[in-house]
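Taking it in order: structure first as structure tokens, then the write-up.
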Amino acid sequence: MAEGDHAAPVPKPVPRAGGAAPRGGLKGDPAKRPFLQRFLGSLGRPMDDAQRARDVISMCHGLLSERGEVSGVRRATEILTAYRSLTHPARERFFDLLVAEFSPDPAEVARAAEAYAAEPSQANLTMLQGAVEPPRQELFRRLNLAPTATAVLVEMRRQLLATIEARPERIGIDADLAHLFRAWFNAGFLRLQRIDWRTSALVLERLIQYEAVHQIQGWRDLRRRLEADRRCYAFFHPAMPDEPLIFIEAALTRGLSGKVQPLLDPDSPVLDAANADCAIFYSITNCQEGLRGVSFGNFLIKSVVEDLQRNLSQLRTFATLSPIPGFVGWLKTAGSAAASPSPELAALLESIDSTEDSSWPSIATGLRSELQRLCAYYLLHAKLGRLPLDPVARFHLANGARLERLNWLGDTSAKGMRRSVGLMANYVYRLADVERHHEAYATDYKVIASHELERLARDASQPARRRRRSKA
Amino acid sequence: MAEGDHAAPVPKPVPRAGGAAPRGGLKGDPAKRPFLQRFLGSLGRPMDDAQRARDVISMCHGLLSERGEVSGVRRATEILTAYRSLTHPARERFFDLLVAEFSPDPAEVARAAEAYAAEPSQANLTMLQGAVEPPRQELFRRLNLAPTATAVLVEMRRQLLATIEARPERIGIDADLAHLFRAWFNAGFLRLQRIDWRTSALVLERLIQYEAVHQIQGWRDLRRRLEADRRCYAFFHPAMPDEPLIFIEAALTRGLSGKVQPLLDPDSPVLDAANADCAIFYSITNCQEGLRGVSFGNFLIKSVVEDLQRNLSQLRTFATLSPIPGFVGWLKTAGSAAASPSPELAALLESIDSTEDSSWPSIATGLRSELQRLCAYYLLHAKLGRLPLDPVARFHLANGARLERLNWLGDTSAKGMRRSVGLMANYVYRLADVERHHEAYATDYKVIASHELERLARDASQPARRRRRSKA
Amino acid sequence: MAEGDHAAPVPKPVPRAGGAAPRGGLKGDPAKRPFLQRFLGSLGRPMDDAQRARDVISMCHGLLSERGEVSGVRRATEILTAYRSLTHPARERFFDLLVAEFSPDPAEVARAAEAYAAEPSQANLTMLQGAVEPPRQELFRRLNLAPTATAVLVEMRRQLLATIEARPERIGIDADLAHLFRAWFNAGFLRLQRIDWRTSALVLERLIQYEAVHQIQGWRDLRRRLEADRRCYAFFHPAMPDEPLIFIEAALTRGLSGKVQPLLDPDSPVLDAANADCAIFYSITNCQEGLRGVSFGNFLIKSVVEDLQRNLSQLRTFATLSPIPGFVGWLKTAGSAAASPSPELAALLESIDSTEDSSWPSIATGLRSELQRLCAYYLLHAKLGRLPLDPVARFHLANGARLERLNWLGDTSAKGMRRSVGLMANYVYRLADVERHHEAYATDYKVIASHELERLARDASQPARRRRRSKA
Amino acid sequence: MAEGDHAAPVPKPVPRAGGAAPRGGLKGDPAKRPFLQRFLGSLGRPMDDAQRARDVISMCHGLLSERGEVSGVRRATEILTAYRSLTHPARERFFDLLVAEFSPDPAEVARAAEAYAAEPSQANLTMLQGAVEPPRQELFRRLNLAPTATAVLVEMRRQLLATIEARPERIGIDADLAHLFRAWFNAGFLRLQRIDWRTSALVLERLIQYEAVHQIQGWRDLRRRLEADRRCYAFFHPAMPDEPLIFIEAALTRGLSGKVQPLLDPDSPVLDAANADCAIFYSITNCQEGLRGVSFGNFLIKSVVEDLQRNLSQLRTFATLSPIPGFVGWLKTAGSAAASPSPELAALLESIDSTEDSSWPSIATGLRSELQRLCAYYLLHAKLGRLPLDPVARFHLANGARLERLNWLGDTSAKGMRRSVGLMANYVYRLADVERHHEAYATDYKVIASHELERLARDASQPARRRRRSKA
């Protein structure tokens, strides 16, 4: 059918293993799917949710019981189609049955454990390993035979995770999916792709939906973010080619940017990328809640820095412009004890959630140096165990970045005000240093920061009185 | 950088996660790899193999001990480069150390097993699952971060399997690799691609190397196999885009082909595919010994039949032309008891390994009907447990094919003579039937065969005398 | 370098002939382009437009005078960059100089013509052909060496055409560009591509800009037009991969659609394409004014019908839903003489440009049968010379379509009212008939129409009285 | 049909304008092509060649007479299929009819020429241009509508050119094809692609066929030429994606290579490209005789040098290793007069065509310095008009290269001996200089050469006596 470019992909791809991979969904010849037809046909009728869940589970048993895999693709396709049609209560029941009927058999585990205890041979270990692996894992592996199955399974885990706090016994299902996803989404299999205005609308639309740090206000806003002085990259998995897994947005600038609103302004002038010396990462978004815990964030940043260096050799600095999400919370609680805020700051904190957006910068200005000192102290010394309390700091420091600078009025949005009184941080990525920084952080929990930040944090920890005096 | 087709792939791919993916090998800036340089630099010198293996293993510990993954790509790349440079004795030592130092800790397993026995909770199960999983698995997952790592790990398993009979304690390493490969090479991730004369020489050259059923005698032979009346398909994995995993060759013919030599003749005339009504699969080859046990053969045949149906709607029959590898062996042993061969046949069997190639057809002709009956009997009734004794029969019957026809002088090569006195079998694939056939086979071990084959087998099991009489 | 798909395009494309093909524009190392720098650097200064045009023309002479082509790419790039920076008056001057200095030399033409007249040999013909070919043609051919030149030359013709009525002496420039474009944009070189939500935003944005028949109201509207029950195709040229040349939009429907507003409604439900039996072409847009007269409309429709038939075998009817742009105009002039409209219709026509949008359908309803008859008459019998007067009818009939049906209230927009009192027409494309229909049209000017349309037209040409009587 | 990569080319390409573009040939529904069937069906029968040519010509008239283009694709396809089936005598007749019936009408040309002479207006010029353009041009344009037509027309010109010396009246046909090809194959439309072992076998096979400078001895030889220390590039046209138009082969070396046999040795060790500082172009082949005179050789070299510089920044020198095809011929004729060869050399020249391959180097060695001087003289001073006599020198000097060095025993093959006594030349391409060198050559016919070459040439032009003395 498709003529394509005759010089194009060779060998020729044909429909993927096991059948039609229709655009946009699971399809097939209905005449050949009596079960599914009956199942889906019943959706409008007052059939028991429990019954429907049971039906899907029965199909799962069928898929597993197959000694061969001849009907695997068809069955897997039917199961996933049926699963996606389940109502919320039916899905709940389905998860319960996944726990009840696809977990390891305790008696068998006990027997295998005893045998291994008696003789810790490789054979007994293999038996024990087999006994503790839930049949669910093989079930999920076989379900993956269906076209577009991977995306459905990722979605299944998302739905599962939303229930897991209330139903901790489901943690085993989650563990099985997470185990598989760690193998399937091994960073070695991911593809870094540049996103720009030549990217498909299908993918771009998802960026609009997913962007979590600085919301995208429609196509015009998106377009500005993909202009010649912006860069956007995402990781994709070969089995989910239209679904970004994680993406990062960067602005090419002259000098280290300290304010995010100008970067987000859709009407800002487009600079010539050839004049930029700095790449500012101002947003990084994990798209797939169902891949929680399967991390690729640090790969993304490093890969993007490498690609930018290759293609824009004039860039000298690679840095983030990051929120400091925990600062105000800390100030209001632990921080107030540690750092004795001035009465003016205490008043500001009291009213911070109700302050009018437009007025707060003028209110805060008088507190600038106090806030900067306290924020530096927060980032360098506030801890969660031995790690930094601030989650964004934890992420970038663990990746080997250096905390470089605080930016006054960096984020003048209401959200920016309420979480960090508008302060933002730059973390700098120097590829030559990231391993060393990472080691220092991973081994000694060391927070690598600029002298400026260290000085600010030192000042903050001195009594206010002495500080004033020292300035005199 | 590359201009390419401006209408081309969007989003743009950039070098894969974690670094340069150089064509054809692991590379990097040597200045940054003092370890590897030292290691590889020492290769010429009389350093202890054991020491080298130890060095690689130390790097493996380093890769695993990393709390983060910041240096994972670099370390994984170094390890795999070093591994590939190991001599045979050093590799042996390396495998030993993988067993000794990356297996589960028996004491920990025992503790976790006890805890689970005392209370079979999900938490204790999770702990036990953790305890029985060898650290090797995580090691292999991290090694996969390196560019082209997947192919190296598949090769590692191939090398391992060659030693495992002599060193059964290494079965645990094999189990870990096989476990990962079953996830990574899930059939849902494979891509079926048509192979033809537009395919890259790199891939085609591998077909020449790998073809195991009917050897390819160079480029001219290969070219004939890719002409307009031939079809070739292979499965590929996205992480090994130049490496076919398995491939199948088909001839488009008028009528069911019963002789393989005409199909293989590079000088045979090329037929117009539009006139063909039959697709004959005459060869199917697994390419990667390192993926042993990770099966995709039945997916391949079904997918290829589907693709052929879509594109060549005039095809009516999809069938194999298959060897019967176990027939002569069976005849010489169990068969002779079960079927009392005639004295002429007994004499033929005696001399079969020394018979001159050119003379045997005439010798065998007188035995034609006896051989056909015995062969039908062999295929339908000779068993290994409850399964067919013939391995090729096992494969196709398990896939849901039907044993259709025996072909006299089907394979007139010396090999064909020695294993089946030249007989070949056609197995027919009808998509509408494969599930039903497969079920009958998987459940009741039923051999689905044509009436003709059943009749021949019946005749074979009657005493020769009675058989003759019944014809009178 | 780019990782991409390792199975991907082979042979590898590298930057196109003669230099960097930068995304989105003509670029280069400014240090190496002293002329261009000076030229562009002067843009802000009060330099004479005439001087600038003269500078560009001098560069053109330089490009042509080159005996070899070694510096052609650089010079062509500079000229086109400079051309694009010209102000309107400078461009006017540039065109004048193209006429004055790059036209054939009358004296040379005269000499060659005389020689040919004296002896009409092939040699003399060749000389005469050389003499009448303006040097502009070779100039344009050489300009095309620059990256993205083709698009700039198409744009140059667009700008030229806008001036040509006032400056008829420029028709020679137009003829040269048209001559080249007819070769370059030979339909054999065009690529038909499906446009959907996976298409790049860059191309989709242009559809929004270009759509001329039923304007696209932003991304949401566009998205509806690319859903599962819609199809969109465009022709592209390899040298302008991001620029659609012409595109067509179709709706998949059950039954022949007669009303366009439901098809355009962004909130209409999406039908299952598998249930459609009809493809309705409701819009076809030529995108490039600069390619005026280089026609590919009829290729597009035929190719699209073929592709739809191949992929959606259940489709039975391929038809347009077309405006009838000339109907009201004709009614007001020639039509009123030929067809003596009723007083009510005359009143409607009088007020048609001022009628409130919402009220007109009710006003018109009483005139339905009269309007339908007159419209049928108009389409079948109103002529421009021997061809149909209606331009849309001319286009589809020349393509071999059949005029099938008139649709009352087919287009209820103000525009639809004012040009055809809301009537729309269906033209049906049957591939088996188009050649025959086309021949009849091309040879005998025959308007192929359905019996229904013919009957309506017959009725219109009878006196109203007799018509009424015949119904009694 | 093809699933392909879901992330893949967007917009999706569909079959090209006007119908099926079957792989490898012109096809179609025979039921719809009664003419062609009759025509091809008659091929076996004793029908008149003249009649067949007449039939094809009649179809050509039909294609042209079409007022619209509705049946153009079908007709064009039929004509080209019929053309390709013509026997040699029928093709001769076909060309004769193309001259007789598709040339301009002398009377019409005369009228138009008179009108223009009377009034040299744009309108009259346009009319004259129309009159002198042979109808063949429009015919060829319409023929190009057929799938794969471009390749067939290029082949048609190849066949035509083979006859043109004997039939000079056909020069008009050639001129028409050449005119179209200059537009269609405008260098701006060509794509430079890297050729390597990942390239399709289809393209690689053509390199083996086409290579004209140093014949490729099968797949093993080819493979060596595509190893890591070799580079190969070709130009392709979008309408002939499997047909290289011209290709060039380079070896990456340390230092300037002076001997070609080591470069061609399939068993030579593969060097690490990273250690190379020099790219030696040792072969450049025009593949399409039918594109004679449509030059892209100099674009190819410049584009390749640019691509190599971008990707292998360590390369310092880009040079050819070129034959000197005219040296011996010149020595034997004009050279002997100009340069009075020594008696030993005269003897060598006498026997050069019969000399045993293995013995000649030793014979020649004593003449080394004389031969080098004479060869330098030949390259710098032997002329054809004002241009260098040596055709290879003309090509590279016109491209802006510099004649750098002569290489003793550069080509030790029999061919190398017979045309240049084994001498080869290096021409160096420095992008920064090519324009300047080209200008000097194009304007003043200046041969740019190294001091060494100039010195050798000077020595050659001095009387032998004086030369000897000056050494004393």
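A, B, C and D are the chain letters, set down in written order, and residue numbers restart from 1 in every chain.
We take it that contacts are C-beta pairs under 8 Å (C-beta built on N, C-alpha and C of every residue); 3 or more make two chains touch, one makes a residue touch a chain.
Here the structure is a predicted model, which means the values were calculated and not measured.
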{"item": "Most distant chain from chain C by Cα centroid", "value": "B"}
{"item": "Pair in C-D, A-C or A-B that repeats B-D, with over half of contact pairs matching by residue number", "value": "A-C"}
{"item": "Centre distance in Å when chain A and chain C are each reduced to the mean of their C-alpha atoms", "value": "47"}
{"item": "Chain B and chain C: spacing of chain centres that average the CA atoms, whole Å", "value": "55"}
{"item": "Where chain A and chain B are represented by their mean Cα positions, the distance between them in whole Å", "value": "38"}
{"item": "Set of chain A residues in contact with two or more other chains", "value": "1, 3, 5-16, 191-193, 198-200, 236, 238, 242, 310"}
{"item": "List of chain D residues in touch with chain B within their complex", "value": "1, 3, 5, 7-11, 13, 24, 191, 197-202, 204-205, 218-219, 223, 228, 242, 310-311"}
{"item": "Complex interface listing, chain D residues touching chain C", "value": "5-6, 8, 10-20, 66-71, 73-74, 103-104, 106, 109-110, 113-114, 116-117, 120, 122, 125-126, 128-129, 132-133, 141, 144-147, 149-150, 168-169, 171-172, 175, 180, 182-184, 186-196, 198-200, 203, 233-236, 238-239, 295-296, 298-300, 302-303, 306-307, 310-311, 398-400, 434-435, 438, 441-442"}
